[in-house]
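Notes for the one structure printed next.
Note that the chains take the letters A, B and C in the order they are written out, and that residue 1 is the start of every chain.
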Amino acid sequence: MLKTTGNDLYKWACDLFPINRSITGPGVRETLLYIQNLFPALTIHEIPSGTNVFDWTVPDEWSIKSAFIENKKRERIVDFANTNLHVVAYSEPIDEWISYDELDKHLFSLPDQPDAIPYITSFYRRNWGFCLTHNQRLSLDKKTCYHVVINSKLEKGSLTYGELIIPGKSEKEVLLSTYICHPSLGNNEISGIVVTMGLTHWLTGLLDREYTYRILFIPETIGAITYLSKNYREMKDNTIAGFVVTCVGDDRAYSFMPSRTGKTLADKIARFTMENYLSKYDEYSFLERGSDERQYCSPLIDLPVVSVMRSKYGTYPEYHTSLDNLDLICSEGLGGAFDIISKCIEILEINQTYIVTNPCEPQLGKRGLYTLNSNSKVGDTINNLLAYLDGKTDLVDISKIIQADIFVCNETILTLLKYSLIKKNIKD
Amino acid sequence: MLKTTGNDLYKWACDLFPINRSITGPGVRETLLYIQNLFPALTIHEIPSGTNVFDWTVPDEWSIKSAFIENKKRERIVDFANTNLHVVAYSEPIDEWISYDELDKHLFSLPDQPDAIPYITSFYRRNWGFCLTHNQRLSLDKKTCYHVVINSKLEKGSLTYGELIIPGKSEKEVLLSTYICHPSLGNNEISGIVVTMGLTHWLTGLLDREYTYRILFIPETIGAITYLSKNYREMKDNTIAGFVVTCVGDDRAYSFMPSRTGKTLADKIARFTMENYLSKYDEYSFLERGSDERQYCSPLIDLPVVSVMRSKYGTYPEYHTSLDNLDLICSEGLGGAFDIISKCIEILEINQTYIVTNPCEPQLGKRGLYTLNSNSKVGDTINNLLAYLDGKTDLVDISKIIQADIFVCNETILTLLKYSLIKKNIKD
Amino acid sequence: MLKTTGNDLYKWACDLFPINRSITGPGVRETLLYIQNLFPALTIHEIPSGTNVFDWTVPDEWSIKSAFIENKKRERIVDFANTNLHVVAYSEPIDEWISYDELDKHLFSLPDQPDAIPYITSFYRRNWGFCLTHNQRLSLDKKTCYHVVINSKLEKGSLTYGELIIPGKSEKEVLLSTYICHPSLGNNEISGIVVTMGLTHWLTGLLDREYTYRILFIPETIGAITYLSKNYREMKDNTIAGFVVTCVGDDRAYSFMPSRTGKTLADKIARFTMENYLSKYDEYSFLERGSDERQYCSPLIDLPVVSVMRSKYGTYPEYHTSLDNLDLICSEGLGGAFDIISKCIEILEINQTYIVTNPCEPQLGKRGLYTLNSNSKVGDTINNLLAYLDGKTDLVDISKIIQADIFVCNETILTLLKYSLIKKNIKD
């Protein structure tokens, strides 16, 4: 197993952060090519604008070369070259001198966070706009006019996403999905991409994978809808668990977004893992959802998808502003998220169902497995496993019942398999 | 929808209170004719004495013209003309001079409530008797004899009940049952009749009724048994919920009698309604049952029937005495009961199951339904409904899950239906 | 019904205590002959050494005539004649003079309980050894040598057990299993044998037994495995509940060992009985199991077997030492255990399912069963039974629902059966 460190993840984050991503366009492609360079098995798909995907239509492709607001002295007061958050995503092109009052209708700032630039989009309603700090906005001269330039294009093109399948012994599969549609944002974008890359690296090196892994780098919402409209049928039957990898970069919290029902295998594994291997985490309600579980868990899709996160979107003050940057995320944050999600996957892999092969207890002594504990208050793991491996109860539940660490249980399982005292039970 | 006010209900109560009802006889017919005059759709049924109804036999019909106890001075000490509670219901005729000691065996009074006349019956054991206040009883001269006259008849006749069917779109039906067999008693008789009349009035005017309503005005116990013996088969398959309307007249409490199992749709709707639209109510145990749920919920009948009440029978001191009169009930009491039971029915009517028509979230924007709330902590009702309308969960449960008022949910449901974003799901 | 008293049980215990039992050999036979003398229906089975029983093999038979350690002065320091705990069970024969250092490797004592002789076995690993008090051990001269004699035999023979079937009206059966393989030990051996004998006596005299009783006197572990390998098939379909009768002799506690799942009929009956008829008891976890429920509840056997005990094995200081003797157990302890286990069986016998024969309530009055309680807050037992006997809910659950003693319920059940107002429902 090749593990990536938090430092590796942070380095990737630094490379990918500056790219101007949106739900379509060159920023998405540049991001995917960076990932493909490291993981050549990644397939990049292009879906033409205008394609019908369930209730939606793939939108026109957006690209932008430059954008700025300048005053009469030709001073650039706001310049897209400084940060790609300055322009409202999907802004139409414009090149005009307009009054302050007219400009003001197209400005977005945060009075409560006067030094932060907000992240604003207008994907499905044609518009243009600039985002700036509230302090910048207050410094504008209200009695003059401004030159507003957005050198963008909105034209037929395609929606781009990346897909990577890592086959396992079983056709049953696990979904990992992250999004690649936000410009320079840290916890709520880049962290998801680089932790998913780390998991891809680790899973590729994982020997004897039980499950097949379907790993997606897609634009949020429209990308998930597009992908599902093309792949839903084969996913429906095979997907046993899935994770939307998002908000996995800071070091302030661990948090959990359950699936819609809260009762899938993904929920069970995630809760078990977080309860046993984190000192603390917050569970949110599905009513507080906000990423692609909105599509994966929708009633007619109904996949078992959850999110295991650090600070959840919408819960931290820097969310969707320029303050959600490379200073907010850190190698400890990214590494901790990688560790807990990879632990979930390890537990998913070993969470099988076994059944004993002998009626009554087997004679452990003749195999040298007898542990002298006739007076111990609680029987040892080997005897307890032999008492509870009934072909119906999975290893997570047995680990809870017999109060033994699941990895210790799994070591004993391997011994019992070696002596043919148990066998794996194929679930219906 | 035509609503009746508490004042209307109280006026009806004043008209009906003085009639001398029993389980059979002219008082029952007079009561039913009063109701039929207001609701001509009411059918009055007569079932002959001697008819076998399950384990029972319809008894002889009882009628009474006058009754009194007079002393040697021909002073009427107790006179049925003053209140029809003075005679034990189903008393045999008598006209004799008897000693005080003999008389005393046939007197009923309440030592703990010396100014109240008890309500006593002897339906299935031939007897006669007088009910009086304990103070009256104490004033009798123990050394003299009394002239006892009960001018009653017990002879072949019939048991009378009223039935009113209000058809709806569905064959599935809701039962409303109240009793018409107690003489002048307020909370524990008249209130049930007039609130059921109010509900009949309101349901008749209700547009687009989903369900059919079966409304019964019947003598308690023998009437319910008689009715069920004739109509049980068609009720069994169609009845989704039912309410015994009883003790709905005073203004001191709200209370709930669950069905035998406590787990029917009627229980669920009643509890949901009372929890959400009353500040306080008491739930009793089925062990404390006492009205026709005894028949409707009996094991081989097993209909989903509950009672949503004001002060429950047996729990208030005036119960089954002359103090349960027109002063005990009031328009606020009757009106509050009408409101909560009609609210139960409204919720029953809208408590349908819907399923979304699109996989993934639909694009609300292109329909002008998009509500800008990307940063709101809890998604709004439209998005939450689209996330949870899975064709299995009914609106009551969804309202609980998404923490939104069920009537607000239903407004949004109507919008989603209009745009074909959901459809009604026919439950199996 | 013939009841045995605690005194009878204690007398049997005194007779059986001194016999040198082990998992095979003459002590087992002597014990079984004593029981057969009282209960001639007991069948004694002999299974030859070397027989394969599931994963195990019936071991050689062990017998011992004498054993001692003597010093150079020919003083017997340790003598099997004093207590048969002095020799490690299944010790090989030896007759040698050996040094203290060599002897010391074969001595077992308890430093924390210096006056207690431990009970030690070596059934499946050939060895020899002596058990003695720690004080005795400390008094040995470390610089001399000792004459060690164990006059034992380990040779082909058989494993012996006793089986007694008491037929009932139904093929469905109840298992009682106790063990006969420990030498002179009180609470953890003899108590189980004599309480099982008491139950046998009582069951034989019980009129109209509903169930068949399978009563086993077997060596622990290997005996249970041997018995199951021969009888499992017929037990599997018919056994509705079972009790391992163990640790039923002292008067310090009542305790309960559930089955593996904790959800069988045996668990339900035992918990109901202990909750209702004991002031206090401790429920242990199946993780603290230690007797033949290890075999009966193993996944591929999965019989509904529990233990209703006094002080549980492994929880009291005298356990598996010479202090677990006839002073530790007493007639009150044995009698209390007999009472609670026989109460479990009585409740199991009456815990049937009934269904009413009439739709609606029957007319009790015409049968003289009417109890005047129209004003009582909680209906009486007869009405409540008629309301809840739905053919699905068993008497234990109904007794809980209607808050009435199950034996009082059963008296009323007999009345209702007499009047054909209910009938027994045959469960699927």
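Simple rule for what comes next: contacts are C-beta pairs under 8 Å (C-beta built on N, C-alpha and C of every residue); 3 or more make two chains touch, one makes a residue touch a chain.
This is a predicted model, so every value here is computed, not measured.
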Same or different residue numbers at the chain B/chain C copy interface, by half rule: different
Considering chain A as a copy of chain C, what rotation angle in degrees (nearest 5) results from a C-alpha superposition of the former onto the latter? 120
Chain centres from averaged Cα atoms put chain B and chain C apart, in whole Å, by 57
Two or more partner chains touched - positions in chain B: none
Complex interface listing, chain C residues touching chain A: 54-56, 124-125, 221, 224-225, 228-229, 232, 260, 285-290, 294-295, 297-302, 314, 320
Provide the residue numbers of chain A that touch chain C in the complex, in ascending order. 355-356, 358-363, 365-366, 374-375, 377-379, 384, 386-391, 402-403
